[in-house]
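Labels run A, B and C following the written order; every chain starts at residue 1.
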Amino acid sequence: MNLADTHAAKMEPRSAKIFWTKSRSKLAGDLITYIIIAFLSLIILFPVFWMLSTALKENSEVFLFPPRWIPSVLLWDNFPKALTFLPFGRYLLNTSVITFGALLGQLLSSPLVAFAFARLRARASTPLFILVLATMMLPWQVTMIPMFLLFKNLDLVDTFVPLILPNFFGGAFFIFLLRQFFLTISPELADAAKIDGAGYFQIFSRIYLPLSKPALATVAIFTFMSNWNDFMGPLVYLSSNEKWTLTLGLSRFTGMYGLTAWNLLMAASLVTVAPCILLFFFAQRYFIQGIVITGVKG
Amino acid sequence: MNLAMTKRRTRLGVQARKEERAFFLFISPWLVGFIFFTAGPILASFYFSFNFYDVVTPARWVGLLNYTDLLKDELFWQSLKVTAIYSVGSVALGILASLFIALLLNRNIHGVAVFRTIFYLPSVISGVAVSLLWMWLLNTDFGMVNFVLLKVFGIHGPSWLMNKYWVIPAIVLMSLWGIGGSIVIYLARLQGIPTEFFEAAEIDGAGYWSKLVNITLPLMTPVIFFNTITGVIGSFQVFTQAYVMTSGGPNNASLFYVLYLYRNAFRYWRMGYASAQAWILFMILIVLTAILLRTSSRWVYYEAG
Amino acid sequence: MNKTKMNRRDFLRLGMLTSAGAILASCAPKTETPAAEVPKVEAPTATAQTAAQPVKIQIMWRTNPDENKMLDELIKVFQGKHPDITVESIYVPWDEYEPKLMTMYTSGIAPDVYGTGGTNPYIERWVRGMVLELDEFVNAESSNFTQDIFPVGLNAYRKKGKLAALAFCICPSGVWVNATRFDEASVPYPPIDWTDPKGWSWEEVIATAKKLTNADEKKYGFNPSHAGPWYYTRMWGKDLVSKEDYESGILHKIMASSDTAVYDALVAGLQARADTMWKDKVAPSPDTANSLGQIGPMLKTGAIAMEFTGGWAVWGDLPKEMKFRAAINPKGGVGGSGTTCKNIWADPLEICSKTKAPDQSWKLVRFIAMEPDAIAVEGKYRNVLPVSKSVLESFITAQKDRLAMPIEDQIKFYKGAIEQAETTVPDHILVGWAKVRDVFNSATESLWLNEKTAKEVVDDMLPKAQAAIDANLKELNL
């Protein structure tokens, strides 16, 4: 029997199978799990509730003792107020362009590189992999200025290019992540495919990619989030106010001498978070392993 | 003629050479990016570490002076100590906590997608707002953390951010709040473990704990390894929290390594000194990573078969 | 086969070296400027010829909701007066201001005018050749200009005889009073006359504060928000910085290291501040201050009755149920034998040394600093005082309802504060102060937390401060 078929046959949706054959001990386990998770969730959400509570307050009410959870007046108005304080619509557009560009670039490049490190043998493989990891080890503070000069010499400052382009060349974090996932896929599958005459790219695209949906979804989630929330990148490269991103916009709410518009800052922060959360929620479907592999034969 | 002489340049077979060519083809995006975007700034910072450089005037060569001065600098050692303690605490606790929660969130309980989103949410809220939020939560007299500790447990919480013993635990606590990312990675891996292993084990009568230790955890080791390495690398470069919340205080008890580096670079006009700091950090991380990589073959299982 | 491998490796090496080399080459600014010499203003270019297209200049400012609205309006008014000049504003968060400025400067795209930023190392920029010296511009102005500007404002940023920056606003130091708390306790208000040789002493402040303190209710009489050793040394009659260093702008030593009288003043002053918290118990401990401060500014909420700090204590929104007043600084030393510190804050504007539009940049600078219509706009958003003598009274009058003091008293107070001031604060005007300040801050933390005495802390921090100064001078090759 073809190994790939065996493997594929076992990858049934776990949810369907488990639900109908739950034994009593499983139910008990689920109940305990539920209690623990619910409890931890409350702790996790605690600061978030505080953010929401603050967002709905008047600025003078933000800091009171004893802390007041429900504001005396629910200022839902703070949300539109925060969002119209600055051209957040424009910022949203800019941030979206940058983020989706980065997402595309990362998804196109990192899997290819990761596949090489996971499955293609070369003498230079280990030293190069260490080099990949090494690029994560130098703090950005000391490479920021030379990097800026590089883009300045290419006349690309005050554009989105420095923020999007590097993603098309892979990111060390994602290369490492995908490499780990690729390594968990049995090499026998690739070997069998090779015997059948498949080229490396076909092995990559027809075996490795489909089997790595959760990993790819994870890369997408992380890339989206890190670019959506990126502060230093836009700060350094973007000067014109029309090119600003959401994070830069958020920074406009702060100022010293205790003059931060807390309620507006929290309101705007919560709204900014929403797309990442939505993406995550919908990416959940890739976290249920479905039936995969349509077969290696071309 | 001598086998030893020819050993160095082993001639690869045709198949191996094909594979090598494919290797370089596949990594070419990263390689090109590295050569044109990444390598230059890295080499530039290396060069500057041997100079007096304030960014706005020309650099002056001083050889190893920055490095020797750093080794004599007590703040350098203090910042290294602070960061190392934080790293051990946050990585160890982070791995344990995120693994535990990921295992729980892997079960198919009702509404699991909502719960996963809840745990992921904190890691998405961006930097400064989070730090400001926690500054308020950790307020000694009026913050919610001490309020809850008092009302629920009857303990008088410490002055978290102004006490030299509690400031690092406080920042570790904050880091635990944001472990959503590692949880997601563990979940992704868990979803990829073929059910046939569990079924085979169940047939043999294995209970929950046995399945966990003998099947799940070993199969998780590739991503545990990933989270450990990236956790160490990341924790050594922690910056925003100390910058916003404590300014390295009290009395340098939370002077994180990169915070001190940032000050040298942008407040004291000593970018050369800061670059030397960066390269020392780099060397430390390379050594740590190399150790982790070397020992990984002993505990990391890759083959699914 | 071997040959192709060589070529590939060589290609990689070549590629990396090329990009590295290109970056290094451009990291050094195009023109070499030795530290002590600063580019002079060139003869005004023929701006008449280029009058067809409006000249564009950029001004960079920190993010702050009120200040940004103010700048936007100032720009509008300015452009109305000068249709041949377009001004673009660049807003950067406080903490990222300096890194961004350094990055832009070294890549040749610095803004023409440096506005208020985060750490504001104005003289550090000057010593490194980042700013244009303004003497030629000021000298070209009519005598009205130099006569109308307060001397302390004009000369605050004059180093080695050269004007590095022009102050455009003044913030006085003082003891800011929550009059409501005084009224509740029936305590007479503190003095407001800076010209009175007697003034009031530190001991008198403490005595007043004691009547206004009730620790159980978390209400304190006094908070010395100034915590820097520089302030207290001056108040105790000496100075940590030598006259030559003020004049040159370069910090060479902390006088307390060599002069016993300065040392004693430093120790006594710092101890006095610590005593307000732990011995006299009229001021909140750092922990309590931090806690109370997060609820709201302590003076405004009434948690403290007097605050020894800069004028920002009474800026912004003031709660309607409280009344506020100003008072003069106490004299330090035993029985008021010291001084009132005699300092103000004066934020300046600087012009980039590489600007392509120096005249237009100066026009913007003088507009913001001295022209009445600009000052009127500033008064709408901020309470900081103008540097122009002629506008001061009307400025204060427009804002007189903020303080519960008759208008004549307010004018007397503010004028007195400005006129008796000798200098602005060291981190704005001394090269090498930034690290010294951090050394001081971390060392004195043990003192404020009552873990050490002032003498122990001073003995610990002086050598470290000197080491920092020496390292800095070495880097600057001075």
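The rule we apply is simple: contacts are C-beta pairs under 8 Å (C-beta built on N, C-alpha and C of every residue); 3 or more make two chains touch, one makes a residue touch a chain.
Because the structure is a prediction, the values reported are computed rather than measured.
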Topology of the chain contact graph, where touching chains are joined (line, ring, star, complete, other): complete
Chain ID, smallest distance between chain and overall C-alpha centroids: B
Pair of chains ranked first by number of touching C-beta pairs: A-B
Rounded Å distance between chain A and chain B, as computed from the means of their C-alpha atoms: 16
CA centroid of chain B to CA centroid of chain C, Å: 38
Intercentroid distance (Cα basis), chain C paired with chain A, Å: 41
Touching two or more other chains - residues of chain B: 31, 40-41, 44, 48, 55, 136, 141-142, 265-266
Multi-partner residues of chain C (at least 2 other chains): 19, 22-24, 27, 99, 102-103, 106, 294-295
Per-residue multi-chain contacts in chain A, two or more chains: 63, 65, 145-146, 150, 251, 254
Interface residues, chain C side, partner chain B - complex: 2, 12, 15-17, 19-20, 22-24, 27-29, 32-33, 35, 95, 98-99, 102-103, 105-106, 119, 121, 124-125, 128-130, 286-288, 290-292, 294-295, 434-435, 438, 441-443, 445-446, 449, 471-472, 474-475, 477
Residue ranges of chain A in contact with chain B within the complex: 7, 10-12, 14-15, 17-19, 29-30, 33-34, 36-38, 40-41, 44-48, 50-51, 63, 65-67, 108-109, 112-113, 115-117, 120-125, 128, 130-139, 141-143, 145-147, 150, 165-166, 168-170, 173, 175-177, 180-181, 183-188, 200, 204, 211-212, 214-215, 217-218, 221-222, 225, 229, 231, 247, 250-251, 254, 260, 262, 265-266, 269, 272-273, 276-277, 280-281, 284, 287-289
Chain B residues within the chain A interface of the complex: 16, 19-20, 22-24, 26-27, 29-34, 37-38, 40-42, 44-45, 48, 55, 101, 104-105, 107-110, 113, 115-129, 132-134, 136-137, 141-142, 144, 147, 177, 181, 184-185, 187-189, 191-192, 194-196, 208, 219, 222-223, 225-226, 229-230, 233, 237, 239, 258, 261-262, 265-266, 271, 274-275, 278-279, 281-282, 285-286, 289-290, 293, 302-305
Chain C residues touching chain A - in the complex, by the definition given at the top: 19, 22-24, 26-27, 62-68, 89-94, 96, 99-100, 102-103, 106-109, 293-297, 312, 315-316
Residue ranges of chain A in contact with chain C within the complex: 60, 63-65, 85, 144-146, 148-150, 152-153, 157, 232, 235-236, 239, 241, 251-259, 261
